[in-house]
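In the two complexes below, chain A is the common chain; its partner is chain B in one and chain C in the other.
Moving on to the complex of A and B:
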């Protein structure tokens, strides 16, 4: 008879124990606002959902009947289904518009800032369907989920650059199954409202409460630079989904003089209601060196950063913050400011003809000591390299010793892009020029896209700063820039030989006329009847 | 001058000016054209493999008939013939669903086969146990017994049929907990979905596991606005009019759909109204609040309104809280799956599972009737469509699928006629037939050349053909005329 009251007690306790948000899922949101030298303001929204104690699906289980139920509270179900169906271990998708200016903006909060769409995934073999089939399914599913033309990231754009895109999280060990990476980018894909709407639907609070309510598409897509990102990775704690939105807006544009900003001026919204299920909801503002005033009073200031916790907000007040400068904005002199990044890259395509050209890189090392960078080109077969023409010059003298560890996967015309990877050493305070001759492909008539005269967008090159033994104080001097952060160059546009698209019909008509003329003459000659006409009977 | 002229040979004596040679040149041109025609036809025509249309039409004539054997205990021996005629009468009157061949006999349970329904005398209540029914022997009339038997053997009404989801070998059950506005307060942050499914849903899914497989998924949403304003009632509560129910599901804002597979989804939505709109009830046609807080959307799923009593700020729905919504869900699920309810007053024996063999058999017969009818319809549509659109290609895959559907249908007919009458096998065959027929109908290869415009062909062909064929035709006509004139002249000369 003892167990009965005990049982009731347990039953009574259980709901109160579980009163807090589901113990297996956790949602955190964060907004980081930072002012740049050139007066622009970068806002980075990060929405993180952690599914604790979960692990990616073993691809070998794809062979089995899929009856396992899926129950989620905060984790987006649509995404969970997709990851499960294709057994994806790690996934990164970014859709950006604009050119990230590393020189004046420094490194971004979220590294994936390449122009256009970029998708890469780590997935293991061992499933009944091959990695490439699953990669294709993933592409199409994400294309449907985000209303983006990711389906065009086909085998003509897919590469496996495992060195430049190492897994961000962990790769599970399934009896030594090999993990592989698939990467594709499409520079001419643009991000717009139709991509943001499905993105917001993946958030537990959508855009109706919490920090996500600041995501106003009118302002987002008006910004100088904007991009969305989806990252799925596995950590020892569980599977993490990180959705981020980055934008760089220009407060000087409307006012012209002062770089003051507020949530109202940047997003035309304020946070009226906190997201009830967010565990943390923080806003971090990097404070300027000049005279400023910030309202409301931050809850804490740590190493030049003001912190706000939106969970403490009283329910009826709307949260809007404002940063005001004491003086008008003066554009900084380029020569006086110290560079924000250890090295800068320019990438250009030279050559006036439509069949040959030269790809040129200009790399500037701002550091006093030599640095090593890894350089990756995932070039569609439209442009083919002549590796023997690589020339590296430092201040006019040829230095071929600066390039090492070249790996090159040949392109296959009409099907596979080239992957070119190497390591470049940049001597301290120097400008390195790298050139390579390229040949431009001659496309088949049907391979041209609509508006073929515009040219083809080439994906950005990716540079990764590598650790080198010689510099101890390096990370300190660079203000916390870690090794391994990726640098994307702007995309290029290549002008290929384009046919006159009315040509096939002209050719048909012309050839037919010639054939008909020859046929007619010969036929006439063969069947003509000659008669002698006597003129004088 | 004359000498020179006389020295000229008559051109018609030159060998290449012989009429015969010229005519054979022209004829050989035409011969080549005629020989090339089949080649041209072959290379430019669309691949259209023949579909077994006569078989498809023949299938339309056939109808599934189920033999139903009922054995009455010798105790009921005297009323057996009248029960049979009454039963036939009732079944004939309803004229719904599959055709049934009913035979009522008298016999002991021991000498009847497995698939015979046995009626035994019992005590006070009507009790079902397996395919046996125990019925109190006293004052049972033939019409009453026939009524009971028919409601067990074919329990479907046309009204119900619209609600039942179309047959599919696999269903996805999507449970969604929707907070209309979580930020307004009293958020439901989670639910004991595993326990609730275990308690209320799994018994049903395992009972019908011979018909369907199920994939279960659940999610919680914290912002699910309605697309309309519920009616405010005088007593401060809110109501949904019957018109509101038709537009209740806000597909634009609620992300309910599963994107990852083609299996049909049955949605079950637990809707928690915003704190400012509680309690929310369903109104009857006359505007009075209904006692029920659940409603069913035919073939789509069910919705239950969850009006929480004012409580703490965050709430986690425990098993007890979910008991009433999930019993509504389980009821909705059995309606959507077409599981027949037992008529009132009939009990099941305690050792039985949730569903008796009577119910499972009725469901199997109903589903089989449905799949066979849908297969026949789909096959007929495919054949008609292919006939109607001459540009539609039919490749080997589509042809094989149509044939596969016919083979599977034949297997259904065979097992119907054969000695071994197994409803589950038959359903497997008919489900396969349906899958084949639908794959044939939606075969992507059939779209390939559907919209290739004929104008393009003419634009390509005419510049060559017109200019080459006109001299050929002209030469042929001229030669024909010349030949006729020659013959006429020859005739006249002879005459």
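Moving on to the complex of A and C:
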């Protein structure tokens, strides 16, 4: 029982310490909990560190000796070093597992929900090393930092889709230096505890106190959907680092009767101590429409949302909250007819053969009026498009006029992916089918991965809802949808022609025999001398 | 030592010796060609008959280590059995109230949604020459947590059971099992692959429509609704057929369309799981008479008059049991239709088989079936990659024994090689003629002399091409609506074929030149060579069909020969006509399979088999 006075001492010291030694740094944390119509509960943890009055490094100074000291208290040092070394203006990294169901969950709090790893960064040119070299350094450094296979986001996966991934913050003006984007995604990357530990290390309070103490890997990685995100961007106030963790858990999974949840049931933890260095520490719970009871009493209720401030929590008691419904849960019968998003997308790869196929999209516009969406495919060269076979149909009639602004960067086999971007117009209350024929690549045998052969994961396509051209000033209020929100389709799995590597000896014996047979016959024919032989002689 | 070396390698020119040796071998073969020609098919037939022997083949084993069958605890409990019973009550009520397809599908879809799954229905409409088929499928997708949903497993049940080949018995308990499983499997977060539950209307037609829509390859005579919910690449599928009240054994049906087979590892895993749980497994619905001595008369096909010493011999009984299984396999595979709903999956590279709950008064029910299916799904869930390891060529002789490809393939190949030897001999014979020297003129040598003569190859090939074109025409005719509706279809075809055959023979009698080989011998030679090639190529595509072809073609093609009198020729021709068109008795079924399922046996019979036999018939007429 000696630790308690010590702890109190530290707790007492911390606020003053934080305020005195880091006047340029500010740390805020927030947890948003929301129940969906299918009974699942989404928790979004956001940890924001702001380095005020700082700005990204000018890439031209990379040629000079870096003598600027990097003293941070709250801002993660490892990340700061990395950003300085490669002069990164803006950086977004997400590692997700699962499939985000826009139909029943609506848009996520943090937009990057593509399956697997996705990394994109905005960098300016002008450094002694090229953008691509710095991009390579960045992803290798991040791979080390996050224990993820980001090193595999190489030039075979790197594209520059600047239209679908505009900078979230501002790009500094360095005498007109051009900024460029580098984007790569790897759908088969899994996220697990080895990625969460380095994530927690970037937080000032680690997982010892504050909201981050709820991040219990046993529960996080059992959730239906979970993902971590790292976002670095520049605003006039300074450089902002935003770390977030999103998860969608299913309180109905064990019992199947009631959708009640509490911190204990969702995370198997409660908040014992507030993070002393956090300026704000809030929990926001979206309240349901039905009869419910919420404990403890929220500090404020604003437009259907209960707010809790953990900074006001008494230091002795742990904070746990509970939301209970008055009645048993019943699954909505018409889950598909009342979607939360203006349009839904289904993407499939058809064709059972190993050399050809067809990529098919089915887009459904739930709005009464036409909407425009931008459609981006960053396709590895494993799948190659035949653009002349694009076919767009609305309810069975061909409507090729619905596609516009096509831009296409050809893939280069064995080195570069294709980037296909276009704008699709979806007529009101309609189902648009889009098909394009594809050919599947034939790999060199060294390009086959050495592990189990389940096929190749193709990255998700990205859709962005654009401002409607027909109706000026149209904004959507439902579900907090903003124009410009990205929608990720699920990833795809493609089967390429693969030798049965599990039988290497048979394969070797067969091929060697064939080669030997052909060589032997031809060699024999070329070198043989034909003469008449008298048998009786 | 030296002597030994001299025998192996006699002195003199090495090339000379080699050529001499080769000549000796060739002449040894060609002198005994008739014997070899006779021996090869006999050997092949003996091999075929030896296939059921318990001494051939080996016990099954698990090749893919990742499967780990039966290594998990199962949680399917009596509460889940109760759920399935409740679903069954609802389904029986629907059956008794003569609910329409749509009402049924609506009920199923609602139940799936109550569980919390995405579910939808799909209407389909097949247009056929003789009949149209409508129906409504229901399906639901359980998205696996944490996984991107790019891989999937299908659990299906058809509304109509496979009993009597989908002829009316309803598979209510199978459907109830699927619903109960959906309710149960959702409670676990361990699924790495999406689970798709499909309840297809009808027997084969519904699943064909659903699978075509899922894979985006819809045939021209099918109108099908687009699937509202999709999932990833399907690797494995399990079809549940439980028509009775209870069951005693679980039967495995595995033959697919056009002779495709699923990866054997899947069925082996199922066998291992069942034996760990103490549930007996059989092949098809064949109970082993050795385990049921009191039901021997009903189960055993060995005739009563056999000496009891032989009839009760354990090896003979094992042979009889295996033979029954192999015969069933050959029938299912050769027909190309497969042995159930699972067969439709194989065309999309999905390994699938049917679990058939053998109707009996007991002792097993939902509880046993649920546990077995749960464990099998867990096994399929373990897979990191598609099942491969070339475990696709096999014949199951018993639930736990199988024949490897090396054990059965040579039987058909031997017969086809025999046919090829016959053809090659005919080819040589038609090109050479043995001339006996004129005895009146004394020449230097009295030995008979081989002289060459030309072969009418072009004309022969023309006749062969014409027969195949006739086959194409016949295929078009038989798949037309007129043929199925008119009563004179078959006589019309017979007349056309006869006119064609006699027409060919009339033409040839004009065109035969002096000093040329007779057309009939060249035609016979090429016919045999072609048939042999077809049989050999078919062995790896559809072994059973190759066996059927080998057995039915070998003798007729070998004994066809021309004769002098016209009546004798016509008499000889008629059995060939019968043989070539005998299959039209089953035309309705064959063309149904082709139209709705894409089983290529019907066009194959028209375009390949019928012309081959007709060519042999024409040989008799020439």
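Everything below uses one rule, namely that the second predicted complex is superposed on the first by the 466 of 537 C-alpha atoms of A that agree within 3 Å, B and C clash if a C-alpha of one lies under 4 Å from a C-alpha of the other, contacts with A are read in each partner's own complex, and residues count from 1 in each chain.
Criterion: a residue touches a chain if its C-beta (ideal position, glycine included) is under 8 Å from a C-beta of that chain, and two chains touch if they have at least 3 such contacts.
Just so you know, these numbers come straight off a predicted model, no measurement behind them.
**Q** Quick one: is A:222 in contact with chain B, with chain C, with both, or with neither? Answer first, second, both or neither.
**A** After superposing on A, A:222 lies in contact with chain C but is clear of chain B.
**Q** If we overlay the two complexes on their shared chain A, which of chain B and chain C does A:388 touch? Say first, second, both or neither.
**A** Touch partners of A:388: none, neither chain B nor chain C.
**Q** With both complexes superposed on chain A, which partner does A:457 reach: first (chain B), second (chain C), both or neither?
**A** It touches chain C, and chain B stays clear.
**Q** Touching A:70, do we find chain B (first), chain C (second), both, or neither?
**A** first
**Q** On the A-aligned overlay, A:82 touches which partner chain: chain B = first, chain C = second, or both, or neither?
**A** The answer is first: A:82 touches chain B but not chain C.
**Q** Between chain B and chain C, whom does A:533 touch in the aligned arrangement: first, second, both, or neither?
**A** Second partner only.
**Q** So which positions on chain A get touched by both chain B and chain C?
**A** Shared contact residues on chain A: none.
**Q** In the complex of these two chains, what residues of chain B are touching chain A?
**A** Residue positions touching the partner: 5, 8, 10-12, 14, 17, 22, 25-26, 29, 181-185, 187, 189-190, 193-194, 197, 213-223, 225, 255, 258-261, 312, 314-316, 318, 320, 459-460, 463-464, 467-468, 471-472, 475, 479.
**Q** Taking the complex as given, what residues does chain A use to touch chain C?
**A** The touching residues are 38-39, 97-99, 101, 103, 115-116, 187, 221-226, 250, 252-254, 256, 330-333, 335-336, 346, 348, 350-352, 358, 360, 362, 433, 452-455, 457, 490-493, 495, 500, 502-503, 506, 533, 535.
**Q** Tell me, which parts of chain A touch chain B in their complex?
**A** Residue list for chain A touching chain B: 11, 14-15, 18-22, 65-67, 69-74, 76-78, 81-82, 84-85, 141, 144-145, 201, 204-206, 208-210, 273-277, 315, 505, 508-509, 511-513, 515-517, 519-520, 523-524, 526-527, 529-532, 534.
**Q** Quick check on the complex: what are the chain C residues that touch chain A?
**A** Listed in rising order, the residues of chain C that touch chain A are 13, 15-16, 19-20, 23, 66, 110, 113-116, 118, 120, 143, 145-151, 186-187, 189, 215-217, 226, 228, 230, 232-233, 347-349, 384-386, 388-390.
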